[in-house]
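Look at the two complexes coming up: chain A is in both, with chain B in one and chain C in the other.
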Partner chain A sequence: MRVLIALLMALMAVPLAAQGDVPPAPYAYRQLDDPAQEAAAQELMETLRCLKCQSQSIADSDAPMAGDMRHQVRIRIADGEEPEAIRRWLMDRYGDYVSYEPVMSATTWPLFVIPILLVLLAMLIFRRRFRGRT
Partner chain B sequence: MIAEIGLAALWLAAALAVLQLAGGLLALRGDGANEIAALTRPAAVLQGGLVALAFGALLWVFAITDLSVKLVATSSHTAKPLIFKISGAWGNHEGSMLLWVTVMALAGALIAAIERRLPERTMQATLAAQGFVALGFYAFLLLSSNPFERLPQPAVEGLGLNPLLQDIGLAFHPPTLYIGYVGLSVAFSFAVGALITRQVTPDFARAMRPWILGAWVFLTLGLTAGSYWAYYELGWGGYWFWDPVENAALMPWLAATALLHSASVLAGRDALRVWTIMLGVVAFSMSMLGTFLVRSGVLTSVHAFAVDPERGSFILFLLAIYIGGALLLFALRAGAISEGERFSMASREGALVVNNVMLSAILAVVLLGTLYPLLTEAFDVRVSVGPPYFNPVGAIFAFPMLTVMAVGPLLRWRQDRWGRISKEMGLVAALLLAGVVLFGLLAEASLLALLGLTFAVALAAASFLPLKGRNLRRVPIATWGMVVAHLGVAMMLFGMASESAFSKEKLAALEEGGMTSVGPWSVRLEAVEPVAGPNWTAIAGRMSASYEQGEPVQIAPQSRNFWAPPQQTTESVLITRWDGQLYAVMGGSSTDGRWQVRLWWKPFVTFIWYGGLLVALGGVMALVGRVRVDLRRRLVRRKLAERRNDMETAV
Partner chain C sequence: MSWRLWLPLAIFFGFLGLAGYQLTQPKDDAIKSTMVGKGLPYFMLPPASLDRPGVDSRYFHQGEPKLLNIWASWCLPCIAEAPQLEQLKQEGVEIVGVAIRDKPVDVMRFLTDHGNPYTRIGRDDLSEVQLGIGSSGVPETFVVDGKGVITYQHIGDIRPEHVPILLEELRKAGQ
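Let's turn to the complex of A and B:
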């Protein structure tokens, strides 16, 4: 009985140990051998947000979670997945928040419309200021 | 005792700010010569002294680590080098706000003491505005963020300062930015003063200009230093993240840059009056918005802000009063101020207007991208706005602006013909074309990096064109300042584009004695050793790095563990050559006993910060040049007045 309890305790302790000092996933700090694939992975990683950091992409973070995401991105690229498919997979899991790549949607349209209005406004200011005089 | 002296000085200073405000207002109602009005200037000067005393008291309690003061106990520690104990005084909310009011009161004291060229009524209105702004910040400090609060029981040991902040670069980064922010508060007060008395004159712009220039120089230095700090301290070689805190400092800089150019037009040509006033209000609004963003906790999460809204609400309230008030005043008075001298599109003023509009548009984009995620988060929708948004959208306005920056300084004031500078414009266009072709063949870079490299080269050449055909010894210092600052912008752009186009990265797992290479560098990990410091322990990787098989350089980047508070940081090592930097980081050990090493070769990356320094140097030169001319003008005026006096007495 005592042995059984000890065994159960040991089993319960496993996930706890797993949270502490697991070494980072292999491709968190390792590049892909194919330079073209690594470049594609790098480009994608620079536009994915590290969810545990403030305003850093997963390409510039020491956070363990960013490391795990780098690992995911690299092995999926190595498997021949398209970068945009990986982005979609991550967005399905973590929400749109994980991607820095701006997408036009019901919540983000002002981000695109306002700069266009700014261009128009600038042209209007120039026209009014400089019209009719040479 | 020392803490109480500081607190008392702060209350007295607040009382003097009330006096300054009342004196200024009474002077405006009367003829400017009543008895209380005579107190406005002395009140401002004395206030500066008192706040400096309060700040000195805070430095003192931090230097001796007086743990009965709450602020010291929560943000300092006895086992810390003295320099970081002292810099810890402003490495926290209360201390940094005290630093803010200190700089502000000293600036107010300075204008009260030396500024004599404006009409007395405008000056009184300016000082009243300055007193009013200062008063809000005293209230904020004394009512919600008292830095001198005592603990009922002295703490046994302090909680420590964030290790990332224990860095000499960062110790002086906030003061630099604050001096910039606060310099803009002076420009704001001048703008409000001129609005109240409706005297928007070239003299007003000349009085305001040294403050804008000074603030702009400090903001430039602050941004440059902050960017370099992020670059070497965060350990991944990124130098700008479009983080809201960075944007909070960038926005006042953009506004100040626009203001600087438009104030020059007002000072020299008596044009762009309304625009200058408007930018004066906007620039300080951006400083206050930046303070709000950084100090309110709204950035960590809108919801974190809602949990403890006291401080954030207070700053928001101040923001609403000052900016709302100033904008209301502007709306009421702008109609009464004429636009000033007119000019044509093909003129120096025309080019500056285009630049100002573009800078304002970039400012609007940064503002939008910074605030929009906060707005959506309030409705529980989280949106990420980052480099993939800011870079291209900002570029839409930045590249036209840079084009105008290249040719604008060649145009004459008021009216000119494009034909007159066709040769120079042809040269710039040819350089742009050649650059696109050359870099397009040479580098496999993104469009933005390609444009950046090309524009940088063309701009660097164009920045010298205003000197063409002039006797170099007779070119005014301020003009040299412009040349240097514009060259600095080109250099910065080159560094950024080169970093983005040509950087090489290597992540390697090495055993002791193992070799790897990145770009032209080969690096050997000689040994891994433990190291201990006053409040940290570290693993240091001794490496020898050689550039193209040349003489090896010994470096030892560290991975540090601080214990108060516990945190891990990377101490990267940089090897700087004229054509770039090797960036080396020591990581942890991997399972098989090898060590993680991160290496980057970043060609010409240093140009980013050299460029920033050149921009600041250009600002200093302009400042020196302008102040010299102003002093000479003042001397001439005094001589004239004396002679007139002499003649009158002779008659």
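Let's turn to the complex of A and C:
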């Protein structure tokens, strides 16, 4: 019985294994030989968003597509490309979405402006309160 | 009592209402490609199957609009869209496939089981073409006009109701 269950479970695992059939991209899990280049690649990868697993960076994710993105980042860095140029290349394809580095744009400016306004408002209220007391 | 006293409570309920409304809205996870309206990047992919040639991006610069279908044999929704691709092929649409992280033996098995609507199938083992055109998953389908410019992106499997939309987009791309 136990063998039967084990066999059944082994069968169920087949579709899961299918996607892992193809080996990962050469530089998905392999670091660059030059430590300085690897550090630059690592720094960039931590600020690029995985497209499959939407709340992880590609440095954190084991999704095959994140591996392919790490491969792109590493070979481009090894090729001498600037990290910001690689980020721009990805943002040209996926928009702001792919970058974890916030930029001020037509849709994001309230995120930067509202906190400043709230602090100013709080200061105003406090000033009036304390002036009234003394 | 001053009306101003009620202001924080009003703001709180306003926020609650907004959050409640957002909860009722369907979640949209799709990441749209910002390559729509731009030219295909240059690429050359080896064949992914034994009976279809690979894909050279220059092929899209020749005349008629085509569909560029990003798929994989390990992708379940790709099975669901197979009949719709077949229908598009029957309508005279040329469909070029790009198989993501796939092996020829698996590609051949998939095509035997679910039909082969493709004239060419390229093998993209490193998702290079997928990343190059801003696609974030399988399946996705791009309309490419006769000059190699992407004019439309369909995210997810093609359901029967999407077929007329794609035909219309192809017609527009052909003008």
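Worth pointing out:
As a working rule, the second predicted complex is superposed on the first by the 109 of 134 C-alpha atoms of A that agree within 3 Å, B and C clash if a C-alpha of one lies under 4 Å from a C-alpha of the other, contacts with A are read in each partner's own complex, and residues count from 1 in each chain.
Basically, a contact is a pair of C-beta atoms (placed from the backbone, for glycine too) under 8 Å apart; a residue touches a chain by one contact, two chains touch by 3 or more.
Given the structure is predicted, the values throughout are model-derived calculations rather than measurements.
With both structures placed on the common chain, the touch criterion links A:72 to chain C but leaves chain B unconnected.
In the superposition on chain A, A:25 contacts chain C only, with no contact to chain B. Looking at the shared chain after the overlay, A:95 reaches both chain B and chain C.
Within the superposed three-chain model, A:52 lies in touch with chain C and out of touch with chain B [touch as defined at top].
In the superposition on chain A, A:64 makes contact with chain C only, while chain B stays out of contact range. In the superposition on chain A, no contact is made by A:37 with either chain B or chain C.
After overlaying the two complexes on the shared chain, residue contacts for A:108 are found with chain B alone; chain C is out of touch.
Looking at the superposition, the partner that touches the larger set of chain A residues, chain B or chain C, turns out to be B. Common to the chain B and chain C interfaces on chain A are residues 54, 95, 97-98. Interface residues of chain A facing chain B in the complex, by the touch rule stated above, are 23-24, 29-31, 42, 46-47, 49, 54-57, 59-62, 95-102, 107-108, 110-111, 114-115, 118-119, 121-122, 125-126, 129-130, 133-134. Note for the complex: chain B touches chain A at residues 234-238, 241-244, 299-300, 342, 344-346, 350, 353-354, 357-358, 361, 364-365, 368-369, 372, 376, 381-389, 393, 396-397, 505-507, 509, 568, 570, 587-588, 590-591, 596, 598. Touching chain A in their complex are the following residues of chain C: 29, 31-35, 73-74, 76, 101-103, 106, 125-128, 130-134, 136-137.
Those residues of chain A whose C-beta lies close enough to touch chain C in the complex are 15, 18-19, 21-22, 25, 51-52, 54, 64-65, 68-69, 71-72, 90-95, 97-98.
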